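First chain written, first letter: the chains are A, B and C, and each begins at residue 1.
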Amino acid sequence: MKNNVIVYSEDIELASELLTPAREIATSTGGKVIMIVIYKVEMNDYTRLVGADVIVSVRLPDELGVPTPEFTSAVVADIFKSRGAGFVLLGSTRDGKELAGRLAVILDASAATDCINIQFKENRALVERLVYGGRVLSSGILEAGPFVIGIKPRSYQAIASGPEPSIEEFSIQSPVLKTRVLRSGEAERGSVDLTKADKIVAVGRGLKKKEDLELIHTLAEALGAAVGCSRPLSSDLGWLPEDAHIGLTGIQVKPKLYLAVGISGQLQHLAGIKDSKVIMAINSDKGAPIFQNCDYGAVGDLYQIVPELTKLIKAKR
Amino acid sequence: MYWSEEIKVTEINGRGMVFPFRSLSDYEIKFKPEHEMFRQVVREFAEKEIAPRISYIEEHNEVPADLVNKMLSQGFQGISIPQEYGGQGGDQVTLAIFSEEIARVSPAIVTLMGANGLFVFPLLFYGSEEQKRRYLPQIARGEKRSAHATTEAVAGSDVAGIQTKAEKVNEGWKINGRKAFISGGDVADYFVVLARTSPIANKKERWKGLTFFIVEREREGFHVARHMEKMGLKGSHIVELQLDNVIVPDSNRLGPEGEGFKIAMETYDHGRIGVAAQALGIAQVLFEKCLNYAMQRTTFERPLISHQIIDAYLADMAMKLVSARQLVYWSATLADQGREEYKFAASLAKAYATEAAEWIAEKAISIYGGAGVIVETQVERFLRDVEITKVYEGANEIQRLVIIRQLLKLSLGVDVMSM
Amino acid sequence: MPLDMIVLVKHIYDEDQLKVDQTTGSVSLQGVPGKVSSFDRNALEAALRLRQKLGGTITTLTVGTDEANKSIREALAMGADNAYLIRSNVATGYDARQTVEILIGALSKIPRWDVLICAEGSTDFYTSLLPGMLAERLNLPLLSYMRSLDFDGRSLRGDRSLERKLETVECSLPAIVSVVSEICEPRIPTLLQIMAATKKQISKIDVTELGLQIPPRYKLEGMLVKTVTRKRQIFEGSPSEVALKLYESLSKEGII
């Protein structure tokens, strides 16, 4: 079987995380780790990409503003076939999942997405992934290669140090694409990436008015925390941007502290916070599900507790 | 349901183990696939649209207009109006499901939407085709609201004792009087009003001489006189209506002159199951809340539910809840089968379910302890809401009379009133 | 410019009612009731709104056992014109690639269609592989993760929602579209629509009729409930009392 491992994600940080499991697989198959980087503006520094043996550097054709999964699938498939690869590790982002589906057909591969742990043994890939709303850990087997595996962000840590990869240029003809991107811009975003935040204060329907967010921001500042919310506040009310929405269909976070203020704790929200180290909650409803799923909880009026707590934290500093 | 004419009143023994019915299948409850689908859809609506607004409704005694409009758009006012008049064409089981599922979240909204049934039923059964077409489609579409005005300060259970009078005039009928405790009277466009059209001839025939009239709120001389603050059912309003020389044409008379009492009784028979289901919804939600609470709350270092007294309370709740459920849907099944016996069953259901719900509401407060009387916990409001269910739509005292009267009439052909 | 649309509807085991062995934490699907995958309702609603605007038809496709009829009826109640059940006996279902091949087999029996709309993923296994696989197998354009969708007579266009970006994308017909739940709130059917749905015919195609031989590529070995035991220390009292307790807990955990 072909033993080289291809690694790709449009998110370079995520791609460097993928190099860790890629390295493990390559070690057991005796193959090489080939990382594909598609760039619009030339990258000068590949030293961070520790773990790759080869970087195949692909310049995005001028007419394309972004590397769409359709375009990327052609690139990856081409390199896969010409380099004797047997594995493709992708970042399991939305683009990555579309790409995984495409490659599964193009390469006639066994595929799995959102994997949090993979092991390659005896020509089979054992994969673990969360299912049923993130509540259940499933283990499954991809019986035969080639393999296309999407890895969930932050499942692995990038390798700290190692030998530098060699760089190769790869050029591709401008393909005729069926889907055109007319515009690409930043989604409305808050200032902090919650998935990387150490401490998060999140607010939910218990907040009566948009103006009251002031209270929450003050507490967050005192704590040095980022601000997030449950779905109603971003999707329904628009009091906070979409990327502040924490939950099953929003962001999943893994902070040291997650403080839920006025959040009832519906399952969809809990799915986004269950990897938090410490969960703290403030809610006026003693029966709110959040109290079953937190480490520390305070029953009472957030409008009174939050200022008191803020005062105490500020006093210590 | 008649046994042979030879049977004397006292010879009931040995005539069938399922007296007052004849066979086990008379006790069947029948559901159709659309019933469960509808139940889930109402549940979803209640939890998504109504539940988040409860605090507001309780605090302001007002159901927000946008929520009312959503419900009208969903066809909730037209559930029991036949499709030929633009309604949803739901049967009694469907109406019971609707009442129960909404009551789980807001008993007041059940009354808000259901009170117009007391206008729709008399129209459906006694209205002329022209009258039905004049009023029902607009109600079904939610464009107009309606209410039923029989009760007066001096006459609740004693319908025959009403003082409102209607006299024949050139233009039709002139109505004078004052109605009280009229649900939805503040928002209704159309009313059915019961008035005395001929004087009482003798004590035994007090019930004769009453007639129903359809009165549109724009009629001169008709106005909403007084709003009354109530203990519960916040969001649903009751008012007094004043009729000063209100003139309506004879084409607004509903049903034959003098038949009003009969029409009123039939109307209440039809609405009874909905109230029973309203109480059932209250009982159901409280039982679930108590069960959840008892599992989560710890006292004396163990969960509440591990204490035997609490278990006993919960067990009694379950007995009453499930019994009420069987009675509600059984009587609805009989009604949908067009069987007269449904009146007997519906009275059983109404009396039982409302009293069971009250018992459960009181016990819920015991189980919750201090938290039970806190508004935010959302337990005490159900006790406040349930009280009126024992009283309106045929007070439970009257239900007990109806139970025995109907039982004897339907099973033995005996009229207990003539004894 | 009416659109003939196909919407994929999946009947899944209810994630709120899974059976868990208390000692081992292992999850069983035996006897677990089913429901429609929530995001499929958003996909169907998106189709319904397009039909409202442009005219056309909506046909739902479901691969499953007879149990799936429950979800299909819900789709009909929401307003789908036609529904197909591609009937199988396999209660545990198929993997993504098998499902795609079955769908393609069934699609060949459906006269004509312009757009196939599906959710970004099903709420049970959430592989999100179907859209990409379908696009490649059918050699059609794919607009994935759409939070808005419109058709101007020539192109299908809308906003594609990524983690940090929003792209405006377009393609011509026929096409595959996958939507995110933010695209629109699914409607709640009225009683009238529910009663009409119970009378509608669900067309059946048996999987065996398609004559496919596709071995599974992914085999599920086991499922465990992820357990994290939380301390559940709940404080009650005056605001200043509980605030102090929370503050002390933060200190204890070394967070401040």
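Note that a residue touches a chain if its C-beta (ideal position, glycine included) is under 8 Å from a C-beta of that chain, and two chains touch if they have at least 3 such contacts.
Keep in mind the model is a prediction, meaning the values are calculated, not measured.
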{"item": "Selected pair, greater C-beta contact count between A-B and B-C", "value": "B-C"}
{"item": "Chain whose Cα centroid lies nearest the overall Cα centroid", "value": "C"}
{"item": "Where chain A and chain C are represented by their mean Cα positions, the distance between them in whole Å", "value": "21"}
{"item": "Rounded Å distance, chain B centre to chain C centre (Cα mean)", "value": "40"}
{"item": "Rounded Å distance between chain A and chain B, as computed from the means of their C-alpha atoms", "value": "54"}
{"item": "Junction residues of chain A - those touching two or more other chains", "value": "286, 291-292"}
{"item": "Touching two or more other chains - residues of chain B", "value": "none"}
{"item": "Numbers and ranges of chain C residues touching at least 2 other chains", "value": "none"}
{"item": "Chain A to chain B touching residues, read off their complex", "value": "205, 284-287, 291-292"}
{"item": "Residues of chain A defined as touching chain C within the complex", "value": "11, 66, 69-70, 73, 93-95, 97-106, 109-114, 130-144, 178-187, 189, 199, 223, 235, 242-243, 249, 256-257, 267, 274, 278-280, 282, 286, 291-301, 304-305, 308-309, 311-313, 316"}
{"item": "Contacting residues of chain B [partner chain C, same complex]", "value": "32-34, 37-38, 41, 44-45, 48, 74-75, 79, 83, 88-90, 94"}
{"item": "Of all residues in chain C, those that touch chain B in their complex", "value": "73-74, 77, 188-192, 194-195, 197-198"}
{"item": "Contact set on chain B toward chain A in their complex", "value": "52, 289, 292-293, 296-297, 371, 376-377"}
